[in-house]
Amino acid sequence: MKKMDFDCVIVGAGPAGLKASSMLDAEGFTVCLLEKEKIPGGKLNTWYELFPHHESAQAIREQMLAATASQIFTSVTIKSISRTDSGFCVRDRNEDEYCAPALLIATGFKPFDACQKEEYGYGIYENFITSVDLEQMFREQRLANAAGEVPRKIAFIHCVGSRDIKVGSEFCSANCCITGIKQAIELKKKIPHLNIYCLYMDLRLGGRFFEDCYKTSQVKHKVQFIRGRLSETNENPDQTIILRYEDTLAGKPAKLTVDMVVLLVGMHPDPSILNLLPDIDEQVGSDGFFGDGMIDQEGQSMDDGLFFAGACTGPKSIIQSTDEASTVAFRVIQYLKEKLHTETEDQHGKLWIRHSG
Amino acid sequence: MRTPIMTTKASNIPFLWREYQKEIADDHYYYVRSCIRQNFFPGAEQILITLLKKDLEIDLCVDSEHTTCTGIAYHVDLVKLETTMTVNARQFALMTEAGYSNFLVSCVTSFGLYNEVLEIWEKHPEIEEQVRQYLLKATGRTFNKPKNLVHTSDIIYKYKDLLADKIRYKLINQDTGEPLRVIDHIGCHYAKIFPEKGVGGAEYPSVLSGTVQAFGGRSIDYPERRMCCGFGFRQYFLKSSRGYSLSTAYKKFKAMEPYKPDLIVANCPGCNYFFDRWQYVISELKGETFGEEGNGIPVLSAEELAALCLGYDPWEIGLHMHQTAVEPLLIKMGVRFDPDEKYRGFSGEQLKKPKIPELLKAY
Amino acid sequence: MANFGFGIQDDLMIDHDRLSPAYEAVLEEVPSIAACISCGSCSGTCVAFFQSGAGFRKLVMLLKNGSYDQLQQALDYCQFCGKCSLVCPRGINTRRAILEMRKQFKTQGHDIV
Amino acid sequence: MEKLFDRLKKDVRFQHGLTSCINCGTCTAICPAAAIYDYDPREIADQLQVDDETILEKLLKGDDIWYCGQCMSCKTRCPRDNAPGLLILALRNLSIETGYYMHSPRGRQMYALKKLIGETILAKGYCVHADGVDTTLFPELGPIWDWVKKNSEEVYNCFGNSYNRRGSGVLRKLSDETMHELNEIFAVTGTTERFNQFEEDALEQAEKTGIDFDESILNEYFRKTYENPDYDDKSQ
């Protein structure tokens, strides 16, 4: 049980947390990162290659870790977070305390648990995996169905746990469409004779180069896109899966039999940190993500030392997360400067002098 | 914004629907019959009363003055919503007058309809008020809404373990010692409209599979499991569109065939009727039967299943009124029965046997 | 066999497991048809749409789904004006594709499944 | 005259049945009717999203709304909590109220349903009664049903001993008071009037097409609409 003081405590050592920490480091602030997993890197640890350029997730993770000089505490389970006169105190399971004037929450998201979408059959039938499971298969170089065979026909299912009132998430996760297309291309590269189908409602490929990826998957890799949301699945006696959906372009119910199904699971808010935070009502949107998702007009933000960055404020790609982390880091820096320093002027212009003590 | 996650709809959704349990009262029920069941499977209708009163010692009010819920007429658009609601209100009035507050429904269409009507009243109190006025004007009655609305298969599910302790015949093949392979079919209006009104929700309701397993059988999952039996209300009642019903059921039979089911259990009287009769029609039309050696797959309701396992005489349960013969099942289960008693009438007279279908075996 | 006055009807469900050899053949010749995103720009501009009831995107869909009867009827109305080619945001060589579709049905006959 | 759409919006089933449709097709995918008829519940929901009188009138006069089998599987699946099956009920109700149902051969079958089910309710208090169904109208009832019908007293009395008599067994006769109450409810809530409308409209149609029509259940007009709604369609 010890008490440690920092300028900023960041909860979550994923892309957003790491990015923000490296920026705060550069400004000379002392920062600690608290990570619940055994190793830092957050969701980067679950990816094989990143969209849209197929960069190695591991390489990106190494770069980000190399860029930060902050102290990283791993396997930390937070017990409580309290507001103190001088800022925040985070207490972990071992009663260690990490205190700082600024607290940055970068806890990321939780992939939708596909078991909840019972009619899709994940966790019931064997030949179902999620996009997260598929990344792991890529990392382990083990692309096989439940029987250990190389699949011949695979379907990607879009919007699993997204835009669905039945599982309580009416928002679009924004990154699953491109994830599916990226994974389809990777699969096709590794298993050239594979037939791949994507069942989509509408494709939301707003990011840079995403449309290129889409067109490449169509023309070069012959990925078939079927417009229709999966309605239900059934298993055949040979463990192949029958998919039921409407071909909404034809206006007719349709079916397709595949060896394996990949569910593109949505990005859900991770509520585990929620109950620990002071004043949460003010900080959570109706979708469960932090913040209000509004444009932060200059001078309007009333920073009180509690900051949020990354996918905990809404579904984001890694680039979007790190971009947001940079912006928020800048705000943290401003906040800390005001809180910890006095403004003075010398012949070179403005200067910030840190309070003594 | 400004709404914490705890109040979003997500919190009202059980994590896994198939583990969801609904409220089923222990005792004191007012019972309403099913139009279809009492015509085609009157034994099931009657044996439930015995099961509840005698075997489970439940207090059950069997009223002779309740009517149809108008469910079929409602879903074929004959009667107006106001009429349906008022007729349902009258049933509730009879329940109230009899001093009961738990409402036990034999028919799944009725069950869905009562739930729908209660939901409408919940959301629109002004409609409930209007219905109260209609009922008062037409009959002079007033009513309380039921506290607990339960389907007969629910109550069997609730007491499945208690019944399992008492059963004489398990769902086990006496020759092989293997559990019987049982297809369960849940009537669409049991939980598809309101998942929270069914044991296990809409996708994997366990109201029948749980009972089947408690009685020693093996529940079979098969493609088209959740497909409607094909009733289709007006689609069936009009001969011109009856092909809709038949074709839908045919798809289900073809999908379940590879799994070699020994038995189909359904909780809805309509589904029971269709699975029973369409096997006959398909045999006549296509020369196809789905059981072994020209037999069909026997079809039972939850009531019939429970009563049969408990050792009631198959003919007392009315199983002789099935077109698809139940004998193959009785033999597999080792149920003792007297074939000569099958067609004995109320007066004790031995009735002339029914005609035998072309292909589907009869006994 | 007995007559009940009704029977078992055909299932109208589209079976995407059924291959469409004509689609594969057209794709071979005109690979760009794979880029179709069913946006419907082609149908919007099609001069024959009110006769055929199908713009280029629907032709591709019918071809993929193996709805050959409907496809052939629609193909007959194409006037090869080329407007669909002009508007296609994915740059598909629609005229080539339609010519190829017609060719497929001439060479492969009517009943290919 | 009140707009059709405004009338539709008053129906609680329309209110509960449509929030907003994203055209995903999960309803059509598992719709038994869509697999058998040229019918698409998604399109019905989609068409009702726009407040368009012409589209609505076309729906009310057309065949599409009569294909639904009311299984309500669509309600379970919709990711936006719509229920096309409920919309159908609201549409059919409005189609009947406006008289537009007579434009569709399938809508005109309401008369046959009234004969089969409506009259059974008012006579017996149940939607279906053994006395009214036989293997002529319903051949799939099979030889076992012929046997039941032939021995109805002997068969049904085994189950509560009150077949067509007072008592509490199956197919018991309801008391005159109960039947009176039922009839009163039908009158007060407007269904009696609706039944009369079905009769009048059918009579008019029968006269127009020169088909025999009388009070009996098995009149020629009944038989025709019951067996083939397109009997007068020359293209068939």
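In this document, chain identifiers A, B, C and D correspond to the written order of the chains, with residue numbering beginning at 1 in each.
In this text, a contact is a pair of C-beta atoms (placed from the backbone, for glycine too) under 8 Å apart; a residue touches a chain by one contact, two chains touch by 3 or more.
On a predicted model such as this, the values are computed, not experimentally measured, just so you know.
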Using C-alpha centroids, which chain lies at the maximum separation from chain D? A
Centroid of chain C to centroid of chain D, CA atoms only: how many Å? 38
Geometric centre distance via CA averages, chain C-chain B, whole Å: 46
With chain centres defined as C-alpha means, what is the inter-centre distance between chain A and chain D in Å? 51
Which parts of chain D, given as residue numbers and ranges, touch two or more other chains? 30, 34-37, 140, 227
Considering chain B alone, which of its residues make contact with at least two other chains? 203, 226, 239-244, 246-247, 251, 281
Residues touching two or more other chains, restricted to chain A: which are they? 119, 165-166, 227, 232, 247, 252-254
Topology of the chain contact graph, where touching chains are joined (line, ring, star, complete, other): complete
Touching residues of chain C toward chain A in the complex: what are they? 12-17, 27, 31-32, 34-35, 37-38, 57-58, 61-62, 64-65, 67, 90
Spell out the residues on chain A that touch chain C in their complex, using ranges where they run on. 197, 203, 215, 218-219, 222, 224-227, 247, 249-250, 252-257
Show which residues of chain D lie in contact with chain C when the two form their complex. 34-38, 139-140, 227
Using the touch rule from the top, collect the residues of chain B that touch chain C in their complex. 239-244, 246-247, 250-251, 281-282, 284-287, 358
Using the touch definition from the top, list the residues of chain D that touch chain A in their complex. 22-31, 34-35, 40, 42-43, 77-81
